[in-house]
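The first chain written gets the first letter, and so on, giving A, B, C and D; residue counts start at 1 in each chain.
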Amino acid sequence: MSPKDPAQRFFDKKMTERERAIFEGGIGLAAIYHQFIGTPVSGDRGSLEKLEKAIQEAALLQPHKKSVKVKLNIPSNLSDGGAFNYRSLEGRDLDVTIISEYGSYKATSRMKYIPELKYVLMYVEKIEKTS
Amino acid sequence: MSPKDPAQRFFDKKMTERERAIFEGGIGLAAIYHQFIGTPVSGDRGSLEKLEKAIQEAALLQPHKKSVKVKLNIPSNLSDGGAFNYRSLEGRDLDVTIISEYGSYKATSRMKYIPELKYVLMYVEKIEKTS
Amino acid sequence: MSPKDPAQRFFDKKMTERERAIFEGGIGLAAIYHQFIGTPVSGDRGSLEKLEKAIQEAALLQPHKKSVKVKLNIPSNLSDGGAFNYRSLEGRDLDVTIISEYGSYKATSRMKYIPELKYVLMYVEKIEKTS
Amino acid sequence: MSPKDPAQRFFDKKMTERERAIFEGGIGLAAIYHQFIGTPVSGDRGSLEKLEKAIQEAALLQPHKKSVKVKLNIPSNLSDGGAFNYRSLEGRDLDVTIISEYGSYKATSRMKYIPELKYVLMYVEKIEKTS
């Protein structure tokens, strides 16, 4: 167990380090989705990279996040016959990978649009023992 | 395993039902926090109950949520000397309990303000085998 | 001028009542859009009506709003071949009418998807003198 | 009138350029508030500057915005005895200035916390004729 975790005593005593890493991954993905959907975005790569970085740094502040990678898949020719040259960020634009770590486990969680499901899926790609 | 879960094949093969229930709980809590923080609220109980219900029903739509209970702790004398009689919903107003279920496990996740931590904590209160 | 408005002295002295009513309408529309986009919704009318009411009551708390009407245009057969029976609220689902009032003017502001523009437009439909 | 504005025909015919500039300012302020409140922030200046820039660039994409300046007033010693070294962005952290322009008018709109009002006020600081 992480000896410095002031929150641990609020959790079910039988919850494992591995389970906690997984829980923190789920929190991280949903936080990004529900915080940033709706943000105005254009197809300009430079501008998108700034937003990706800002989202990454915000998400990394949450506890037990080891790394966060955000890719916004916005076509560069966004306007597409519409009258304006931007639109709101949608779930299907997101490709996010979060590595959360707790004690001696780390979980790699992912959020991306899955065409077969017609759904922006949040899932756990990999769970590893680190020591 | 839940035979009807079209998302299962995207998860790490070694992830257990118990872990999946926990993951879905984390998603549910963070979704509520980051979606609804900022909503204008008053101290009127009738109005708050409508918002609580709307949040509950929205959160229940996400996969594998068995029950969602939202309590918004807003003092009825909200204005408190300010010029306006409402404010934005803050994290510390929230007391949320989500029961997520997957296969034969259910997890009770909770989000509420913990004074000692000065923090709105998301945690797993209880994990149970259901069958 | 509204003699009880504690905020008035912060505004440009030459701003008219009519202009203020218009300004408050713009605030109200954008608040709804950026607060609620991303909320999980299904095609169930009863559930949608609860969310519509909750959004209306929240928006009405903001200053100088006289009425707010929110219609969420979600098809009842939402799933549409996808694996899940809900999706996130999008801008194009919204049809919102806000009447804001200041002094002796009221403005009717509207937000809805305009197919020719491929855009969720926020606009002022009507401005009236009330006395 | 701006001859290239595809949205103009949806507006009340008697709405002036000056009024339109004001309306677009109100939209811009509320969009920032309700989109970004809740974002995790720390007191690290470098990180805050990236978020400020990302918010500015997003807000500038909306129509008729000429400039957007965002200052996030987060104390550098954020933790303040709490268990964690970050918190959620709140309305009172924001100091935003938007210049919106339409036809031959521009409006300077502002959002910031006003201690006497105990309120994050959105207001129009200045309206100018540009030509």
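Everything that follows uses one rule, which is that a contact is a pair of C-beta atoms (placed from the backbone, for glycine too) under 8 Å apart; a residue touches a chain by one contact, two chains touch by 3 or more.
For clarity, every value in this text was computed on a predicted model and none was experimentally measured.
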| item | value |
| --- | --- |
| Contact-richer chain pair [C-D vs B-C] | C-D |
| From chain C, the most remote chain by mean C-alpha position | A |
| Distance between chain centroids, defined by C-alpha means - chain C, chain D (Å) | 18 |
| CA centroid of chain B to CA centroid of chain D, Å | 30 |
| Gap in Å, rounded to a whole number, between the CA centres of chain C and chain B | 26 |
| Junction residues of chain B - those touching two or more other chains | 6-7, 31, 33-35, 38, 83-84, 116-117, 119 |
| Residue ranges of chain B touching chain A (in the complex, touch as defined) | 6-7, 10-12, 14-15, 18-19, 22-31, 33-35, 109-110, 114, 116-117, 119, 121-127 |
| Of all residues in chain C, those that touch chain A in their complex | 33-34, 37-38, 80-84, 88, 90-91, 116-119 |
| Interfacial residue positions of chain A with respect to chain D in the complex | 6-7, 31, 35-36, 38-42, 47, 50-51, 53-55, 57-59, 61-63, 83-86 |
